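Structure below; questions to follow.
As written, the chain order gives the labels A, B, C and D, with residue 1 at the start of each chain.
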Amino acid sequence: VVLVESSFGKMVQTGIPEAAVDPTKQVGPLPGVLGTRSPFEHPQRKPSLTSSQTPLQDLYGMITPSDLHFERHHAGVPAIDPNSYELMIHGMVDKPTVFSLADLKRFPSVSRICFIECSGNFRKPDKENITPQDICGLTSQSEWTGVMLSTLFREVGVHPKASWFLAEGSDAAVMTRSIPVSKGWEDAMIVYAQNGEAIRPQQGYPARLLLPGWEGNTSVKWIRRIELSDGPFMTREETSKYTEPVKDGKIRQFSFTMDARSIITYPAYPAQLQKGWVEIRGLAWSGRGKIRQVEISTDAGKTWNAARLQEPVLDKAHTYFRYLWQWDGDTTAIMSRAIDETGYVQPSLEELIAARGIGTGYHLNPVTAWLIRRDGQVVYSPEKWK
Amino acid sequence: VVLVESSFGKMVQTGIPEAAVDPTKQVGPLPGVLGTRSPFEHPQRKPSLTSSQTPLQDLYGMITPSDLHFERHHAGVPAIDPNSYELMIHGMVDKPTVFSLADLKRFPSVSRICFIECSGNFRKPDKENITPQDICGLTSQSEWTGVMLSTLFREVGVHPKASWFLAEGSDAAVMTRSIPVSKGWEDAMIVYAQNGEAIRPQQGYPARLLLPGWEGNTSVKWIRRIELSDGPFMTREETSKYTEPVKDGKIRQFSFTMDARSIITYPAYPAQLQKGWVEIRGLAWSGRGKIRQVEISTDAGKTWNAARLQEPVLDKAHTYFRYLWQWDGDTTAIMSRAIDETGYVQPSLEELIAARGIGTGYHLNPVTAWLIRRDGQVVYSPEKWK
Amino acid sequence: ERRNAAMPEHFGYGRPATEKEIAAKAIAIRPDGVGLPAGSGTVQDGALIYAGKCASCHGATGVEGPYNILVAPDTADALPFDQAPKRVKAIGNYWPYATTIFDYVRRAMPFNAPGSLSDNEVYSVTAWLLHANKLIDADAVINAKTLPGIVMPARKYYVTDSRKGGDGPYE
Amino acid sequence: ERRNAAMPEHFGYGRPATEKEIAAKAIAIRPDGVGLPAGSGTVQDGALIYAGKCASCHGATGVEGPYNILVAPDTADALPFDQAPKRVKAIGNYWPYATTIFDYVRRAMPFNAPGSLSDNEVYSVTAWLLHANKLIDADAVINAKTLPGIVMPARKYYVTDSRKGGDGPYE
């Protein structure tokens, strides 16, 4: 077939019109430079002044589309010219070095699919009409590509006695976190790509730190500087914020790891259920490794059964689970709990409060229940916060 | 932190401006409903009147962003209202049935990451300034979610004697392909989601057939009808097109499987190389299963060494490979060859022509070589087509 | 595969397809002619339709383009396709079944007004295309009976794919 | 991890960082005061700066908002935070180090003009904030020497995370 520009060429259009009466009788737009969403689909994050939540209840599978990845930042999204971008690594190193973006891309690279979750990812409003997005939409998953931080550590010659490093962003808060060097050697990365393409500005363009399994704030975006040191810097984001009251009047600092968690994303508010077979679906993840099992209760927590996990089950990654259930039309509550490869079992809010006190804050990962009414309405079953 | 709409609220912006002089001194846009690309990034597909190619040389990892997924269709992209969409399954079945999109979504679902490749994905221009996108940009990879066709086959009661089915699209060509029923039982799916969200119109919204590992045209988009039968229908897309001349004047039909293939995406035209360590990067895939190994030659095919494969290596999926090499500044040619789990070794064009004749067409998967000049220029090394 | 212990035998989703809607939508035509509708067409009628609705894209005699060349009668002295990369492939020398013409044209042509021809019109342009490709006489009538009986010259060259995995050869 | 047999010891990418650019960019301040610049500030000066550049967002006395409450002196009779979900957390009762105030304000405040204060101005608002939180006297001078010496009441409550995997308990 040789197709040349001609009368035929005039049919080239961009964007897809709202549905034709009979699509088999009307030639549609020809191939273009960028694909589009259907005009019938409007997935959206839910923004506040400080964050924007991923619409978990509208998504399928383990990849979050990049423009639906949650946002959390402390002074807006900086505008960074990739050509003048630099990452400086200095402090307790042999060779303080400045890397351009091109330099970073030349190093041996690695891709990994993992979640990022804000440790403040928990909402407990005392109302029923809230969605998975409202409850825990501050977690998303991408395929990230970049250089292992260990490769850069070797390049600059990190001193054996360096025990912490400061990671600093180039946003308007010049946001900083102190990170143990051991995490840098273990699995930290400087990533410049997300789901195949350049990282989006909202996720750290042109490069961010990625600390798999750790609270999102530590994966410093728009990273411009890493300073190796022999102690933590006690920045505002690891003292005033991202610390939580725990038992006996204590305040816990450096609570990095995200505990195992899960959420049923279907059926969940605002789904409307029909009697008969229902596939319960959702996401489970753990900052400590792979998800070993997800258990489902369809009788308000009396009995639990294993859900199917979607392969591949990856380390520190959202894992999609499914569980086939026949709903007989009675009122009930359904819930999921994640178990990770360390044996950690996702707790109830009661257990969390019992362990940490009612004034605790970050790192709340309780089992979430959805109430199913006789008429098929599915609503959030508010936590008893006491 | 309680942030309310106020003078602060006025800072809410959409879109990221071109770089600020000093991003640490200027509060950027606050969280929004959809993320954006950096104004410095413009990944684009390359459209012709019949197709649009994925910019493989600009991408990282195994996921193709949905709006960069290649396009190939025969009468443009139809505009389909998901609320009136229906899939009819009939012919040699017990219960001819019409499924709405909501019906399809209620069935047990499965997600899988696999490539789709057009069997016409081969360009052989006799010039040097062509990119991986030009040579084989008609392949892309997504995470697809939907219902196994076997689940629908059971639901409608496919007759034991049904041996083929017709898959029909609702585009303006009402495009059809005949598919052996065995593939339907094996791993075929009706998918409605791509990389977490609804399938894009260009990839078959609201639902398409997905035949993992088979030539892209068989994964009929915008699928509206499946007719079970006892023989193939010999449609235009399996006779006039998607057949290829082979030895002794024969014409090969029903050549479904995509043979193993690979392409170096970096360094490749238009990259400019610097002396020293270079990470050679690319994609390998096979319609017959997993990639077992990718071998790299940096001396124009004299010697070959194994590349590292990025985990997870999935069935019938783009697999990212990397190979660390020290370029000494001499002119040379670099090339990759894929080996799949059946032991199939990606051939040279010479071997393909020797086996099939010089007039053959689809399913050309030769090793591709990139020439590296003394000045670091990387160009395509045109195939000797004889 | 036909049974799956983890699932109920039936979910009960969907609704029965009625005979009527099946008949309306099941437009595919098999090489044995099953699916061909009533009606018929002639080369003469086809010539008029072709000139009016097809020639602008495929050329006055089917060989001029600018889009697909539709006419290329089989010739005994031509090089086989596997040796002739540039040899035109068209209905007369490459298509294995005549039924495909009716099926495809009714679905997809004219490109700018697909589905606009009546069955008789499709029979007629099919007749004209077959005649132009030297496959039928000028006075032939094409209908559900005659179309499947036309023996296409290329049919004998078709073989089904036998490629396998493993280490070659790369047929 | 410190060695990797599959890689050369060094790739040689990047360029050396000069002393000068390190000094210009390495603005972090440690709890022991390392990193604090020359200069100093007073509560009186801080009061003026605070009123002009901070009070609109944090309130005239640091407790009115609309944004973060900055003033909450430690009180012996308050319920511990783990028992008081609504108890305000601010500099006086929650921050473990005084150096963090200087570091954070210099980086990020005022929110609408970050990085606009001189070091002396930052020292002064830090002094004002410490005084408002009842941590220093009205005539104290805050500089690189005095700031790290201030003992913050909350410091003693801080413990480092000891959560582990396994089957609980869920501290």
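Assume contacts are C-beta pairs under 8 Å (C-beta built on N, C-alpha and C of every residue); 3 or more make two chains touch, one makes a residue touch a chain.
As the structure is a prediction and not an experimental result, all values here were calculated from the model.
A.B. asks: In whole angstrom, what separates the CA-based centres of chain A and chain B?
C.D. replies: 26
A.B. asks: Quick one: chain A and chain D, Cα centre-to-centre, how many Å?
C.D. replies: Inter-chain centre distance comes to 28 Å.
A.B. asks: How many angstrom lie between the centres of chain C and chain D, each centre taken as the mean Cα position?
C.D. replies: For chain C versus chain D, the centre distance works out to 76 Å.
A.B. asks: Averaging over Cα atoms per chain, report the distance between chain A and chain C in Å.
C.D. replies: 50
A.B. asks: By residue number and range, which residues of chain D touch two or more other chains?
C.D. replies: Within chain D, the residues that touch at least two other chains are 7, 11, 107, 111, 114-115.
A.B. asks: Going by the touch rule set out above, which residues of chain B reach two or more other chains?
C.D. replies: Each of 1, 3-4, 8, 11, 24-27, 75, 106-108, 172, 174, 277, 324 in chain B touches at least two other chains.
A.B. asks: So how do the chains connect up here, line, ring, star, complete, or something else (other)?
C.D. replies: Contact map by chain: other.
A.B. asks: By the touch definition up top, name every chain pair that qualifies.
C.D. replies: Here the touching chain pairs work out to A-B, A-C, A-D, B-C, B-D.
A.B. asks: Spell out the residues on chain C that touch chain A in their complex, using ranges where they run on.
C.D. replies: 6-8, 11-12, 56-57, 65-68, 107, 111-116
A.B. asks: Show which residues of chain B lie in contact with chain D when the two form their complex.
C.D. replies: 1-4, 6-8, 11, 22, 24-27, 276-277, 324, 326
A.B. asks: Applying the document's contact rule, which stretches of chain C touch chain B when the two form their complex?
C.D. replies: Residues of chain C touching chain B: 1-4, 7, 9-11, 13-17, 21-22, 25-31, 79-85, 87, 89, 91, 94-97, 99-100, 103-104, 107-108, 111, 114-115, 154, 157-161, 163-171.
A.B. asks: State the interface residues of chain A toward chain B in the complex, per the touch definition above.
C.D. replies: Answer in residue numbers: 1, 3-5, 8-9, 11-13, 16-20, 23-41, 43-52, 58-69, 71-73, 75-84, 106-111, 143-145, 170-172, 174, 192-193, 195-198, 200-203, 205-206, 222, 277-279, 281, 310, 312, 314, 320, 322, 324.
A.B. asks: Could you list, by residue number, the parts of chain A that touch chain D in their complex?
C.D. replies: Within the complex, chain A touches chain D at residues 74-75, 88-91, 95-100, 103, 106-108, 150-151, 153-155, 158, 166, 168, 172-176, 185-186, 224-225, 227, 229, 231, 233-236, 239-240, 243, 245-257, 259, 288-289, 340-345, 347, 351-352, 355-360.
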